[in-house]
Each structure stands twice: as C-alpha cells, then as structure tokens.
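Each of the next two complexes has subunit A plus one other chain: subunit B in the first, subunit C in the second.
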Partner chain A sequence: MSLASKPLLTIDGLRVEFDGPDGRLVAVREAGLSIQPGEIVGLVGESGSGKTLTCRSVIRLVPWPGRIAAGRIEFDGRDVVAMKAKELRDLRAHDVGMIYQDPFSSLNPVFRIGDQLTETLRVNLGLSKAEARARALELLSDVGIRDPERRALSYPHEFSGGMRQRVMIALATASQPRLLLADEPTTALDVTTQAQILALLTRLSTEREIAVLLVSHDFGVIAQVCDRVAVMYGGHIVEMGPIGALYREAQHPYTRALLESVPRLESAGRATRKTAIPGAPPDPTESLTGCVFKPRCRYAQPSCDQVSMALETVSPGHETACPVRPFAAADGAAAARAGAQA
Partner chain B sequence: MSGPAPPLRVEGLCKDFGLRRTVTERITRAEAEPVRAVDDVSFTLRRGEILGVAGESGSGKTTLARCITRLVEPDAGTIELDGVDVRAARGRELRELRRRMQMVFQDPYSSLNPRMTVGAALHEAGRVHKRPGSEDGEQFVREALERVHLGERIAKRHPRELSGGQRQRVAVARALVVGPEVLIADEAVSALDVSVQAQLLNLFLDLRDELGVAIVFVAHQLAVIAEVADRVAIMHLGRLVEIGETAAVFANPQDEYTKSLLAAHPQPRLSEAPPSA
Partner chain C sequence: MSAVDALGQQPPPLVGAAERRRRIGGFRALSLQAKIGAGILAVLFLAGVLAPLIAPYGQNQLDFTSVLQPPSLTHLMGTDAAGRDVFSRTLYALRLDLTIVVLVTYVPLPIGVLIGAVAGYYGGLLDGILARITDTMIAFPFIVLVIAVISIVGPGVKGVLIGVPIVAWALYARLARSEMLVLREQPFMLATTALGYSKRRAILRHAVPNLMRSSLIYSTLDMVVNLLLLAGLAYLGLGAQPPNAELGSIIADGQTTLLTAWWVATLPGLVVVLFGVGAGLLGDGLSDGRLRARVQ
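Up next, the complex of A and B:
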C-alpha cells in the first residue's frame, strides 16, 4: 500500500440526518475518511457515535427516514451519492460486499445454504446453474467450511454462529468485491470463534486484495487486524491514523480516554479503579458549537467553543480534530528522550 | 476479609437439561441423552471476594449462577450460604436466602418493570423484604441511588428514560436495597459500551470495599474479569476446569482450555516496536 496510490473509497463531509416527530436528529455530523485498495481500516466508536451509519452510507443503506444530507462518497472515482438505482444495484452487487453483526437474520431461514449462495452467483455474475454450484462449493471451502458438499444442503439454523458468519463472508465476497464493509462482524461470537473470523477476514483481504472497513466498538478487535483506524465520537471522526501511532501517541483526549477504558488482561491481580469518562455522549438532537467532546473533556479550554472539528495533521497519516493537543508536550519530551538515547 | 465460614460454598453441583426424544428414540423407547449443563462444580466464595466465572457461550456459567439462587433447580450437589442449606430451603426460608444473595442480569431493561418508576421499583424491593428504613420511601430510595452514584432525580424516571449504564446501576441498586451478602452478576456489564463498562466495574469494586459484599462475577470477556476479580473460575462444557488467583491463572494457565481462551483474546498487533522506556 503506497500513499501515492489513488484511494478506493473517499468519504468527505458526510452528514446523515433523521427527520422525526421530535425534530431533526443528526447522527453523523461531518465524517471523512479514505481507504486504499486492499487496506483494512477500522472504524471504532461507542453506540450512537455514528459509526454504523457512516459504514452503511457507503452503499446508501441508511435506514428510512434517515438520509444523507450532505457530503461526498466516491468509490473508485464514481460518485455514490448521485448514483441512479441501476448503478447503485451494480455497485452493491459487484464492488462492495457487506456483512452484519447478526448472521442469522441476514440469511434466509427457509432456504438451504448452498441455494442461497448459488442464487447470488447466478444473479450477480450470470453463471449457469452448474457453474454457480461449483463456485459455491469452492467459496464455502475457502471460508473454512469443511465438507462443503454436505454443508451446502444444510439450513442456516443447523449452523453455529461462527459458521453462519463464514457463510455471510462467502456470500459477501462471492462476486469478488473490492471493498468489504464489516459491521461488528464478531460481536455476537465467542472469543475463540472471533479469532478465527478475524483471521479469515485478514486472509481474504490479503489473498484477494479486498479492502475492508471494519466497524467495531472493540478496540482489541480493531487493533488485531487493522492497518489504520478512525475514531468516531458524536458524529465526527475525531482522530485517524496508523494503529500503532494511535495506540501509543493518541492526540485526541477522547481516544486516550477510550483506550484507558478498555479492559485489559494485564490488569489481573491488580484490580484498580479505571479513570472513567465523566458524563454521557452528546444527544443527537442538540445542535453543537465547537468541539463535540468538550463537555466531558479534562483538557477543555474556552477556545474549544470555536473548534471546527476539522482534522489536522500530527504526523504523516495521523490526524486529530483536537487543536489543543494536551499530550503533544509530553510525547515530544518522550520522543526527544528516545532520540537522545539512540 | 477473614471470617468463620465462607459466605457461599458450592459442592458437586449438577444440572441436566433433558432434550426432546427423537423419533428413533421414541420408537425404541430409549431415553434421550440429557445435556449436562453444570457438571460437578465445586467452589467457595470468600468473604468480600470477587470471584470471576468465565467461559464461552454454552459453558454453563449462567446455569450455574441461576442454580445458586435456585432460579433453576439443581439436580445434585450442595449449596450453602453461611452454613445454611440452600437446596433444602422452602417458602419463607428460601425467600430470606434469596434476599441474602441477589442477582443482577445482563439486560437491565428486561429486568426492570417498564411501568414502574425507578423509585417505586427500589422501594417495593425494600418493602417486600421489610428492610429497615423502608417506611420512609423517599429517604430509602435516595440512599439506594446514592450507593450506586446516581442522583435522586432518577427516582421519578421510568426505565426507558435512562441510558444503558444508568439502568444497570438501577438494577444493581435494587439488588442492594435488600441488604444481600452475596451478589451474583450474570454478564452485568457485557451489553455496555467500554466507557460505561469502566464506570460499572469501578462501582462493583466500590461495593465490595464499602459494603463488603462478596460477588460472583460471570462474564465471557476475560479482560473484564481481569479488571475486577480476585480469583477466577474457568468453565468449559459444564465443568469447572480451572480456578485460582486471577493473576496466577492468567499468567500461568494450567488447563489446555484456559490456554486456548487466553490465546484467542484479541491483542493489538502493532507493527512497530513500542517506544523505548
């Protein structure tokens, strides 16, 4: 992945609104990110941060009465927001695959697994019955389902959660998409199954050069598979960068607080109080001025009311929406020390 | 922390769930093989201790939690609360035992009555068990909310008006108003966001330190258990495969299954080396 290559997906200034009886609700305020071909990008945030809607916006799957109110979404140079129904159908069928948290409700319970895969292949790729059948078995074995001939005859309820998610991945990657949207794909699974599914996603991404947008609330999951990560809060992307930089030198106070909240195995035997983030996330019905995190921020300053939430570059590829940079001095000193030692 | 008898002692606890017989079994008059959800589980909970119970879905950890309070009737084994036989208790005696060991469930929304205000729900629990101070409803509720760091304004609200974290605090407060010695938390923080989860975990630590309640803390996330538990018990297919000090078990697991669980825990895969300290 070179930085010079053209991004596969660009989201810029995305705004998603819901008009309801109680007025307007802004779920995504201004989100922007880009994904290079073959890259795995994480989108992390807590419930209500707008991460799922940002992900769904990529193929215009925002549930009614929500709508994309502003912003630009470009997939491989094509404007997704302006697409007509036929183009959009084409995009969803060939270029972008999607997997959801709950694999059971995304599979049809009354059709056999094999038939569901075959149907997708025949409709999307125009394969003959026999070709589709053969390809379906190939796909099933590729996602790690043993004895695919027999398993293709099973119904979804006969599969375990992990196996169903494998089938979903097979379905979503059936037509060789270049981008896979994965919305909390392992949240409903046990840790051992989760590890297998994450390994499968990573392998497919490398082997077939599929870019992945992995949405999750779990920093552990994101950190395990992603190259880059975007942190979302209150409808904004507040920080974005390579996973290593974000983990060690997070510049946004929210990212730091979130990382500190993550439970760790290393805490075993040293049960101590966590520094929890005070207060609650912003209400999507409020109109906010300045930084969305200000009411809960330890480092808030009067000037935070004028913050535009635009991302500023910290180092190549690492951007933050916090202009205060309360950690810059400490990190700078640490870097200087490290430099002096070297 | 030292006491005469452990508050909770479980020995040889078993629970089978019968399955419906298949056609063949019905024709041949064979008995269906039951599923052993909890298989010969023994442990003691020490005074003021937080004992984590970990395992994957289907490992029997929830059934174990429910058996202890006899929400599910165990098939064999002994459960003793402060030396009193829980399995033999009936009627009033059982009710008193259940007061002394309270449960907190995963989904606080379905465990709170949607038509009752928070205050009414808390007060009712106190009144049913004739708790001291429950005559003065307002004062009683205020103190109950204070214990879980909630303001008294919450008392007038209904569960749907609360956030997930607030609801779970209310569920904890309701368990606490009856003055339990043992709290059984079944996946009590699993449905919450990490930042809210951190607040709740702090609360459990506070409760243990301030009120001295012993807690059985059931969770599927090992890292969550690492944050609060003094000891951890690992369950697999109904059996308790390993139990010990949390730090010792996580640093040096003895059982193969524990090892595989720990290995599957998502760890950051950071390409660059961490900054030199």
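Up next, the complex of A and C:
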C-alpha cells in the first residue's frame, strides 16, 4: 500500500450488528481497510465471514435489522456513517457503484436494457433524453455488448448471465463513480465468462480510474485482478497485503489454510483430497476473547486468548492479525517452492 | 472488442419488434382459454356499450298486447308481465351494470396496489398499521357495509359506487404487499437504492410494474364478485330504482312469473353466468398463458 496518496476509501473499526429475537449477532466485529484511487482490492473469506456486509456498509446498504454499530467509513474525506439521507443518495448516485452476485435478478425484468441505462443517466446525471440514449449505447458497447442499438431494445431475459453482468456493470458505472463495489460478481457465471467479466472490470478500472472492491470467496478470482487482498474471517480482517506477498508468505494460519484448500490443476484426477479446515466458523452470537481463529488453528497457543486482532505490520503494506507467526521461519523455503512452481 | 470479449459471447438471435410482440405478448400468445374468456367479455361489453343501437325496443317500452310472450324472433328473450322486451332490458341492464362493475373494480385497484406496495416496501410499523387496516376491511362483511352505505345515501347505484371501493382496495393491497415483500429482496430493487434512486421512483417505477400482474388477474374474479353483488342488491330492490333495468331487478321481477314464464328471470340470469364464465376463463387463462409463452 502506498501511503503517498490519500486513500479514496477508509474503513476503520467497522462493527455491524443484528439485533434479533434471539439476542445480538455481531456479523462484522472490527474490520478496517483502505482503498487508493484506481486500485483493485480483493476481500476474500468464507460464507458468513462478514465480507459482503463490509462491502455493503460502504454505501450503508446493510439489510434491516442490521446496523453499523461502530466504526468509521470515510469516502474521499466524507464521513459516510454520519451522512444524511440526501448526501447518502448523492454518494450512491455519483460516487459509488455496485454490482451483485446474481446477474439474473439484478436487472428489472419488465424494462428494456436501454431504458434502464437511460433512466440512470437521466436521473443521476440529468442528461436529456437524446443525450442519455446516445450515452447508453456508448456504455453498452464499452462493456462489450455488440450491436448496442438493437440490444438496447432487449429485455433482461433475452440476455445470457455474462451479458447481464456486463449490462449491470454498465449501469453501475454509468454515472462515473470512483469506486465500484463488486460483490461476488462472477460467482454465478461459468469460468470462461468469469474471466471475461474480470478482464472487463480490470480494463474499466484502468481506463476510467475506478477503484474496485472485489468481494469473493475464490482466491483464484482475486489473484487474477487484485492489487491488494484483505482476508476476512469471523468478522475481522485477519491479514492484508499485496497479492504477491500474501500468496508467497502469508503469515496468518487462516490465510494459509484458505490458500491450501484451493484445488490446483496438478492435483486433478489424483485421489488426494484438499485439506479442509477442521471445525466451523465462529458463532456470530458469541462474544469472543482473543483470536477468532484459535479454535480451528493448528498453531494455537495459550497466549492466543490475549490476541487483540489488531493488524501488525510484517513488511511494508503487509499486515497480519496473528502475533504467533508460525510461518516466519519457513518463509524462505515457501518462497523457493512458489518460485519452482511458477 | 478484445479477443477475450469476442470469446464465448453468443447473443441470442436478434428479433424485430413485431416478432418480440408475438413472442411475449399480444392476443395470439394467450392460451385458448383466455381467448374464449376475452371473447365472451368482449361480446358482453360491446352489447352493453351498443345497447341503444342494437336494442330492438326501449328498455321501458310497454306493450300490453304481448305480455309474457316466450322467446321468439320478434322478442329474442320473450317479454315480461308488462310486455317489455326482456332482451332490450337485459342489454340496457348490462350497460348500467358493467359500467358500475368496471368503476368499482378498477378504481380501487391502483389505490390498493399502491397502499400494498408502500406497506411492503417500508415494512415495520407502517406495514403493521396498514396490514391491520387491510385485515379489518377484508374481514368486514362486504354486503352489510354496502347496505349500511345505502341506508345513508338512499337506494340506487350510488350506494354501490361508494360502498364497494371503501372495502375493495384491501384485497389488492394485500396481494401487492405480499408480492412486494418478495420483490424488495430482489437484487434489482436493491440496485435502485444502490443507484441512489428515490424511494418514490423505486416503488412506482420499478416495483409496481412487477406486481401489477397478480392484481390484474385477480381483478377479473373481482369483477364477477362485484357483478353478483350488484345483481344481489338490485334483486333486493337496493339497486337502480324502477323503471331502470338492472340484471338483478329483471330477475326479481321475473321471479313472480317463474313457473309460467321462465324466460324472464332465467335468461338474464344466464347472462350473469356467462359473464362469470368469461371472466373466470380469462383470469385463469392469463395466469397460465404467460407461462406457456415463456416455455415456447
């Protein structure tokens, strides 16, 4: 992380709680990350780790009855948590776009593609009908829809999943946002389409200087496009760093376990099973002391009960919440292995 | 486009506007059932609208020389005890009744849909309050309320025009609300918030077009209920006052001569049945018809 420029987005000590009939559920316990302008940051974690909620919190889209209980979210120097309704709408309309996991239901089925784009351009940018129409066609062609004049007249159900996700990206980036929240944008797509969508996101990010927060449970996806990665577990960011450093010298046992559980091509067809992490993620209704990963950690020590989960710097830009560092000594060997594989 | 983009993107064959209409909508896409239903309703509505043109006699034209004549070519539905042509009276009755039915069905519909959509979208306390009001309206004995209104404003169609809409919006509100609860969780509704649209825009422009369908289908049934109510009230003498004809009052008149001249009460009664069958077929066909079109 270069500290030279001012971050576009800063999240600090974010806590998201749900008050239900069975008591309080803490989905995000203390999450912090920052994104520089134009940067692609990955947020990876398993289901229930709080990654989607962290992502949604950026534009305060936490579903009811959840709420942001504590923490600071700053977008371009503006405090998002304290924003009034009008400012918040403004932020959503102009500065931050969002795309979702399910491209099949993220477009309104009763309106034509072109009309949905035109509407955004007219409402959020105040373009005239003719201007909006022309711009909508440009946007469609920019996200790789061929023959946009005719495709604009189609309804969402006439599009394939990948094309719908393209339209969704066009819609989310129509009002020139500086940050795009991508919540598992490729999970519902097949691998070929997935690669295309990721390529599109990278291209848009570079061409239009849009920062992207890419949420995924798939390290493969993250590795393809991200500059930096934050690993989330049990509502905490447990490790964060440049993608290369994290792959080669992950310091947190959870990050290692996650990387080890990604299937690799060379293991295909063999009877070896990938190591699954024993145990289950922490119960969000319990209050925890010490490290959240301790119950499942191979390297747990008695001192882990006193861990604060605050991130400590390993190397510039690379931070981890694990003070035990069981891999510190083995790093040289791991780097050599990684080099041999590449 | 880059090579990656050209890979694997297989747009479905492009179709023109006319072809699209044929595929997703239009009369021809409807199921046979819906077509028959729509046909029956069209004939009945047309008969009502054109009543002054096609009725062979005036609705109150007396002819004491041909009293209680059975159906014949001169009197298609026979004549009643005062020698009035039942066919002509039925046409005029249809005209009045269908006008009222359309009013009391399609005026409350948008109101109910809107209330339900708002309740479902916001949820919470507002939803709780609106849902209780809706429940009260639905639980309320419909006909009793209408009779109560009539007792205030006096007999005649005014009672129905005021009384029915007071209650009728509630069912649409409940339908729209339940659909909204599902709709509001849809990513595209989330997207309206994420795109910074106003709540008004989200509800009116993005949600309502999606939840109109069930209400429109239900409205065909509602028309039948309202026609029966209207006929029932007229039968009780609470509808349009004599000598103006309503289907219910013609039937009530004919009841006294049912054994000697069955046609006076039976044939207008069959018109009511026909309307019910037509509306039922249309409603049923519409709910299947869309499915059929989608499968093709």
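Methods note: the second predicted complex is superposed on the first by the 324 of 342 C-alpha atoms of A that agree within 3 Å, B and C clash if a C-alpha of one lies under 4 Å from a C-alpha of the other, contacts with A are read in each partner's own complex, and residues count from 1 in each chain.
Note that contacts are C-beta pairs under 8 Å (C-beta built on N, C-alpha and C of every residue); 3 or more make two chains touch, one makes a residue touch a chain.
Everything quoted here is computed from the prediction, not taken from an experiment.
Contacts of A:Asp102 after superposition on the shared chain: subunit C is touched, whereas subunit B is not.
Of the two partner chains placed by the overlay, only subunit B lies in contact with A:Ala280; subunit C stays clear of it. Within the superposed three-chain model, A:Gly144 lies in touch with subunit C and out of touch with subunit B [touch as defined at top]. Looking at the shared chain after the overlay, A:Thr192 reaches both subunit B and subunit C.
In the superposition on chain A, A:Leu258 makes contact with subunit B only, not with subunit C. Once the two complexes are overlaid on the shared chain, A:Leu153 sits against subunit C while remaining clear of subunit B. Applying the stated contact rule after C-alpha superposition, one finds that A:Gly244 touches subunit B and leaves subunit C untouched. When both complexes are aligned on chain A by C-alpha atoms, subunit A residues 192, 195 touch subunit B in the first and subunit C in the second.
On the subunit B side of its complex with subunit A, the touching residues are 50, 56-57, 163-165, 193-199, 201-202, 205, 220-230, 232, 245-251, 260-272, 274-276.
Put simply, subunit A touches subunit C in their complex at residues 59, 61, 64, 89-94, 96-98, 100-102, 105-111, 119-120, 123-124, 144, 146-147, 150-151, 153, 155, 158-160, 162-163, 168, 171-172, 175, 192-193, 195-196, 199-200, 203.
The part of subunit A that touches subunit B in the complex is made up of residues 46-47, 190-192, 194-195, 198, 217-221, 223-225, 243-244, 247-248, 257-258, 260-271, 273-277, 280, 334-335, 338, 341. Here subunit C touches subunit A in the complex through residues 1-2, 4-5, 7-12, 14, 17, 24, 123, 186-188, 190-191, 193-198, 201, 205-206, 209-210, going by the rule given at the top.
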